[in-house]
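Next up: some structures, all given as structure tokens.
Each of the two complexes below includes subunit A, the first together with subunit B, the second together with subunit C.
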Partner chain A sequence: MKAKRYLALTRAGVIEALQFRASFIVMVIGNLLYLIVVYFLWKAIYASAGSDVVSGMTFSDTLVYLVLATALFNFMEMYAVWQMGRDIQSGKIVLDLLKPMEYRRYLFWSFTGTFIMQFLFTFLPTFIVVAAVTHGAIPLGINILYFMISVVLAVSINYSIDFFVGTICLYTESIWGINIMKQVIVLLLSGATIPIAFFPEPLKSIVYYLPFQSIYNAPLSLLLDGSPSAEKVLTTLGMQLFWCVAMLIISKAFWKASLRQITVNGG
Partner chain B sequence: MKRKGLRFYLHIYRKILAQDIKSKMSYRADFIISTIGMIFTNISGFVGFWILFRNFPSINGWSYHEMLFLYGFSLVSITPVQCLFDNNWSLRQQVYSGDFIKYCFRPINLFFYYQSEVFDIKGLGQLAFGIGTIAYSWSRIGLAFTPLMLLKLIVFLITASLIMIALQNAAAATCFWIQNSFYVLDLAFRFKDYAKYPVTIFSTVFRFIFTFIVPIAFIAYYPSLVILRPDEIPLLSWLSPFIGIAFFFVSYKIWMRGATRYSGTGS
Partner chain C sequence: MAGIIEIKNVTKEFRVLNRREGLKGSLKDLFSRNYKTVRAVDNVSMSIQQGEIVGYLGPNGAGKSTTIKMMTGVLEPTSGEILVNGCVPYKNRTKNAENIGVVFGQRSQLWWALPLIESFRLLKDIYQISDSGYDEMMKLYGSLVDIEPLLHKPVRQMSLGQRTLSDILAAFLHDPKIVFLDEPTIGLDVSMKAKIRTLIHALNKEKKTTVILTTHDMGDVDALCRRIVIIDHGKMLYDNDIEHLKSFFGSYRTLKVRVDGDLAAQTQQIQGQYPDFSVTCDEQEEWISVLVDEDRQKVLDVLSQLQKTHRIKDMQLEEISTEEVIKKIYEEGVR
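Take a look at the complex of A and B:
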């Protein structure tokens, strides 16, 4: 009975996503363009480098990493901060709070429809194309399983961070500024724009202890390693699990404490 | 009807601007957070560059400081579109809801009146950051500083800014013909991120596209050459002011054509 409530939200999300086909096409074009720019940029960068391997990454390593990071971003980014911010500003959040479901869960499940659509139509095709074009840059073995577990944890961490930042909107009533800050920090420190392997030393170690690298860098490093050592798998997944639980508790507690503060203008 | 002069428009612009700033100032927290968010975006772009050049000494014959100059140039030249033409983002809703009709009944230029209504102050943070980056890289490269160079810089910056304005105008104007133009606008806006790379990194086909079809190479690359490589300035660099003006004029015509076609929603 309980699962049915959630799946109804998923279904609504899928139907909603199917309504916006034109926007979908433009999104795909935008993505292709981005990938083209990334390809040429890194090609030029490696051509000027003088050596094939820089910081342990070859050109194709870097490219596969960045392409898949973009695909992961498109699949995982749900713009939850925007949604929460808009709901808070318009006052719609009051209605959502009255629903017989926890707001945090309601919001998450209403995004799952888009999730499924994004996974099927952006992540999966990109993955298959990259796997086919590069002939074995993505090893197909037990690492796929680790990758899948890692992505599930990453989705959860990403959502918790979004939810935490969205809660800040209750106080500031500024959506754009808060959202852009979050996006910039996550994209840079998670390795989605520049692989973390390139980061200079003190920064690299610091970044490893932050939750952001668990979103993109952790699943990708598990995926691209054909025979990862047990130690690597355990530390990566363990770190992710730690952040998953920690961010869950923090974001929940913050939300609970903030709800008492809420002021809603109309609705 | 008598044609209104430039002095008249400047006078009106000051008045409308004052009203807009007053209303913005009533949301002071939002203004401060948005400005910080903007600065964050720029700092992260800067950090990205820095990390990249820690690993690679140059890109396609462009040194770190030359790339920084290009980056600063692109930041400054996309500031006008951010500050002065931000109302393009709400054109879609105004047209959809029918509110746009109010602009059609004023005895002044429709395009001017519409764009003058919003001034986005947070762009000024970006302007300051861009100017700082240009000044820093200018002194590190060891370029001579003469009044003539400064004049060139200013003229080329202003005309380069017209390119991004033109792209955004044309993209925003699509809402007069198609329903959901947000994605077109978003796509056009994303092009600005690609302007900070030298166009020579691309293959011939894309170099052609980025020069003549979506002319983002004129946002920073071609005009920067006038300052950075004074010994070998290509013809396109000298042409860039005229190309900026031409593209702006075309986009203005598209925008106005769409606007005069608008017949309201009947409400």
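Take a look at the complex of A and C:
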């Protein structure tokens, strides 16, 4: 059975993640520090703005949004670009290419174990704490379901972007700069560091049509809206679905063309 | 009979940027389109039968790895034709992968952080090995090597020898038709090398697996390969039995004698007796060496004749080793 091999990779990923317990603790501490910085930064912003509501969001709205965005980031960021870059540089990629599986899928499923672990150990606790502390800032209803669908699409889009950027490593054979650039672009334009509501007008509309906001902004806006209109749900998920398919096709095609290039010219 | 691997007139060329030297040159290179073509593999043909162990030899940079990468389907030949298992590897890389196993010397395909058994279980699912096939293979492994202590050890804690052994076991796990071993014994101690040779030999015999072995260690070749292929500068220099190669050069033996009297005079005298053979003398060691072509005259005949004319104090007979033969071929090519 074909599905079994993917689950086997997931399983190995979970076991592998469990081997490095210390890294979880370090990550949780790192997140706390980041969130403390975020808290004081936005407190200062709201204090200097002089009003309780900035760009249609209250202080606690913003904070809840950013805390969840950080948790989501920890869960979705899979460092596929690093992995690909390292494997390309070291030549280990040859061994992965010689597995009887499509490389793109092989890599994705190798990451799913980490996904599950991150979801259970960082996203879920954060979610519960935020829900408990804020007493109802996160509505619990049908929006949870929309959120879950949205996250699945977001994961796929995020992976496609990572895979696309990773493919560039086949040409450049260096990772660092490209990866940093990708990270900054994605984190900024997806609304993971600053809620998109705060963006100035022309930029806001442009960002809305780019694939990045589908990664963080879309699932979070569905989650934080207790009674979203059917129209909002459909356009948000529709947009995500569009980018999911588009990025899948683009990243796949780019990889295929690049790999051909490599097999012809050597690597 | 068509072999499991058929290579016909395969050539592989790479385009590499002509790099200039120095800071100025490096800056210019940023915009340079000045490529040169390097021919890594030049018109190579061979046919390998199921169950053979072929030693694929050549100095560093001869084009061995490039040939192997083409056979596995990671590289596409510039021209020529490769058939592995009846299909074209680079067009059916994923399908081809089911029938081959690879060990690339310094790199490991095992999961670094996991105990070996987990890597094996993963490979079992990835290659869709049946339960019975897997059990049978593990039983075979158990009978060949002391596998039990390895199975529960994380790969990152293994010594290089243990890891190489594990990697070889992993490559054979799905009972592939062909296994490519790229310098498997590199950096290992003598006893580990012997262990690995025994293992490869046993697996080849048991499973009729075709093995393509590249190595710089003549011990590997002597222990495992009946047939060797030698390549240098991308060109094939030799493809035949190892015995043939030895006899090729091996018909020459060096007879060394130490005799009474003046060295130079005696050397000249012996040279006069055997005008066809090259006779040299080593002044420091006081040896006179006669390179005897055994096809023309037996060494012992020469020795007994010499005994009649000279008083021989000491003698030595030297055979050309595989290593020397290969060295000779790298240096001079096949004459």
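Operating definition for what follows: the second predicted complex is superposed on the first by the 262 of 267 C-alpha atoms of A that agree within 3 Å, B and C clash if a C-alpha of one lies under 4 Å from a C-alpha of the other, contacts with A are read in each partner's own complex, and residues count from 1 in each chain.
Everything below uses one rule, namely that a contact is a pair of C-beta atoms (placed from the backbone, for glycine too) under 8 Å apart; a residue touches a chain by one contact, two chains touch by 3 or more.
Since the structure is predicted, the reported quantities are computational estimates derived from the model, not experimental observations.
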- Message: Touch test for A:235: subunit B only (first), subunit C only (second), both, or neither?
- Response: neither
- Message: Let me test your reading of the model: by the given contact rule, A:99 touches which partner, first (subunit B), second (subunit C), both or neither?
- Response: second
- Message: I want to verify the contact counts: of subunit B and subunit C, which reaches more residues of subunit A?
- Response: B
- Task: Tell me which partner A:9 touches in the superposition: subunit B (first), subunit C (second), both or neither.
- Result: second
- Kindly classify A:36 by the partners it touches after superposition: subunit B alone (first), subunit C alone (second), both, or neither? first
- Overlap of the subunit B and subunit C footprints on subunit A, residue-wise? 20
- Which positions of subunit C touch subunit A when the two form their complex? 12, 14-15, 40, 66, 69, 72-76, 78, 90, 93-95, 97-98, 100, 102, 104, 107, 109, 111, 113-114, 118, 121-122, 124-128, 154
- Show which residues of subunit A lie in contact with subunit B when the two form their complex. 20, 22-23, 26-27, 29-30, 33-34, 36-37, 40-41, 43-45, 47-49, 54-55, 172-174, 176-181, 184-185, 187-188, 193-194, 198-200, 203
- subunit A residues touching subunit C - in the complex, by the definition given at the top: 1, 4-5, 7-9, 12, 15-16, 19-20, 90-92, 94-95, 97-102, 260, 263-266
- Can you list the residues on subunit B that touch subunit A in the complex? 27, 29-30, 33-38, 40-41, 44, 47-48, 51-52, 54-61, 122, 178, 180, 182-184, 186-187, 190, 194, 197, 201-203, 206
